[in-house]
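Lettered A, B, C and D in written order, each chain numbered from 1.
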């Protein structure tokens, strides 16, 4: 078996397509966002990506039918009636590669597919872990092209660009591998929604999608995502509260115990 | 050395054979079941599977003679006098591949062997971990073919089919890899016996075999397995009781200590 | 770089040679034994084995000169004056392969070298962990040839042969890989000295060498090894005593504390 | 993708060049030293080294522009006005290979580049972990050439050469791989600055550079490095003090508690 296998179900004809990638990562921010796009837009799956570097398992779906873990490419033709300008390729999936080097190989193969289909611009969506619950998650950006950064700044989208830190996995490598393999260099932006890091965070996905849909000039029904965001927000707050209470209890117990022990050794 | 090596001792002529796979996994449910079939049926080993991705060791057998760790293929010719309908291939083994990707390679090779011998249907046997000791372990099923699921439902076998979760290792991959390599697609079912997950569980193996033998229309002497099941059941109950008593003791000690410490800091 | 690299310094002409392997393993029993043979016999290094699957480091030797980690092949020509019957190949080394599969590749390459030089019999030396300090470590044996086991039993050497357990690393694989690659099948015996398992154990090495030298009909000065064995035996006893005292102290402290806590919660 | 990829931006013409390597390792001693050389000398980047065995990530730099993680080769032409004698190649980088075997492959590729450019001598810089904060970190040396060691001893540089221990990663392998691949054998010295091991240690880098610049006959402005060294020294002392105080507090608490508990069980 090859390290990465593309099963091309149908090669779509696309006009200057834009690719949007939402593979699993911190807070599942990118995955939830692009899964939502696949659900809400008129899309068709046209290719599957398999790899022995995805976990060695099948997933059991409805009625007990199994399917291999994989990544999937869907396309969406621009609806000119709605003023949409770009054909889209949406990349979603169950997992990223297990070993570090397999992530290079998988991202390399994704770029080959993108290149073959004439992709002109890539948006990778992900999360930026802060350890905090943000009321309104901000969106940070990074790109392999300073011109693109300036274009987005000029466009007035509320994206923060700043140096420092790294981007792990496909969300980063899809921006970087063109530096090694020039023929695969495609202008690309990573949009990262602020997120706690230890919770699944559809609210952050929504922040990211709000900006992306404006950039792409598409309209997407946000009701489902808004609902998920509200539910998860409540859960996260409850959990955070519980953790904070537990922490306090532990600290008090600890203080009580220290007191008891110190006093004990003192009063005798 | 290749990643997977098949040593074909003899290529048997089989009629529409069914393959039954019982490699080590949760509770050793599948392994014990198919090892039992090899013991009770008239079988002959015809191929061995070796791999540098099995653990790097030999096993010492009777009188000190060593053998490599491996997987083994045995066949059983249908006994028409007993009304048996299928020639069988039984796959058993010491271990599964150590690295995740090697599990893909090994399952791929097993499917190549199955394909070469004209296998029409595969049953992989395994366990489904529940954390509980079931009085009568239920049997869950999953398949790569919805038609096969319906056939088994219609057959009145007590197999539960439902979505959710995954199947790891060969028990799952043998069902899934045909999705990647179409030429290796073989109708396959995974039968999973309910099991605690932290004990070797021949009782669950028996539940699975009871159903499988009915599906295959074969008769297998269950005495040995019933004996093992009873022994292990007693052991599991004893261990569970012990764990539960220990847990209680720890909790009481913990409560005592908290009391002592809290009181201490209070009364002074 | 290849997975295993042999640097053949000189291809010796050997008569029906016997290979003795002492790579690092439990208690360093095998390594110490064969290092001792290299020191005491008249030997010449004739080949080196390198691999990127040995640890990525150099070793600093006298005056600060570095050398790569490696395995080494030495040969010893039978001294007919002393009645020696076999030319010997001695295999020693710093490490075994880091990854499980690399151990297969390295053992495979060692067998290729052995085969090329006409080796007729292999002895791999190692330790058998018991968790105890034996007064006189017993020697266990295993072989890939039942005839060889019977020959050694008939020879009256005090080697225990019995089934059960496994042999890990080169000490086992050198016996087993011929089962996969028939052209590399060489009659081989693993001699394992009983050892605690958490100490370096030259005493166990001595037990093994006592038997091996009788089998091979060679005389080896044991003074150095006897000295090391005595030193390590004292150390092991001291450490064991210390551990046992510590354990007792901990248990007493634990009992005291339980008493104190239970009493505390009782008397109030 | 290949295991190691060299992107040669420009092949410089160099006269008997000396290569100085400062990849990340213990205390970042080597990396800080050679990064400082790149900053202070007139240099030009001429090649990049990429590998799927570096971590799968990009680094976000100023304004949000990303770049792949990599190693970089810079060159410096000898300034004859300042009496410099050697053209230099400076090797720096973000990371070393993640897997042990990838470190062999990367060092092998670095030696190929060095060989192609006619490098006559290599200095690898690193740290030697001692667990202590040295007032004036000493510099230890090791080499693949006893003649070179004697030359450096005769030169009166304060480098300590002694046997024992190992050198891990590129700092060691660049000295050793020529032993396996003779065509890549280049005289090489590893200079190791004494360092605590758990702190980033520019002070140790300075010790190493003080000696290296004398050996190479180059003058380098040390102001920046001296400043960093002072800052980090203060930090390290503060942290060490804090750790030592914490340790004392824990020990006292522990003693208090033992006292309390022992007394408790005694007085009742």
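Keep this in mind: contacts are C-beta pairs under 8 Å (C-beta built on N, C-alpha and C of every residue); 3 or more make two chains touch, one makes a residue touch a chain.
For clarity, every value in this text was computed on a predicted model and none was experimentally measured.
**Q** Look at both sides of the subunit A and subunit D contact and report whether the same residue positions are involved, with over half shared, or different ones.
**A** Different: when the shared numbers are divided by all numbers used, the fraction is under half.
**Q** Measuring centre to centre, with centres taken as mean CA positions, what chain is farthest from subunit A?
**A** So the chain farthest away from subunit A turns out to be C.
**Q** Mind checking the rotation angle between the two copies, subunit A and subunit B? C-alpha superposition, nearest 5 degrees is fine.
**A** The rotation relating subunit A to subunit B comes to 90 degrees.
**Q** Would you mind pulling out the distance in Å between where the CA atoms of subunit B average out and where those of subunit C do?
**A** Going by mean C-alpha positions, subunit B sits 36 Å from subunit C.
**Q** Two-or-more-chain contact residues of subunit A, please, as numbers and ranges.
**A** Counting only residues that touch two or more other chains, subunit A contributes 264.
**Q** Line, ring, star, complete or other: which one describes how these chains touch?
**A** Shape of the chain contacts: a ring, since each chain touches exactly two and the loop closes.
**Q** Per the contact definition, I'd like the list of subunit A residues that touch subunit D in the complex.
**A** Per the touch definition, subunit A meets subunit D at residues 97, 100-101, 103-105, 107-108, 140-146, 149, 161-169, 172-173, 175-177, 179-181, 190, 258, 261-262, 264-265, 268.
**Q** Which of the residues in subunit B end up touching subunit C in this complex?
**A** Spelled out, the residues of subunit B in touch with subunit C are 1, 5, 7, 50, 52-53, 55-69, 98-99, 102, 253, 256-257, 259-260, 263-264, 267.
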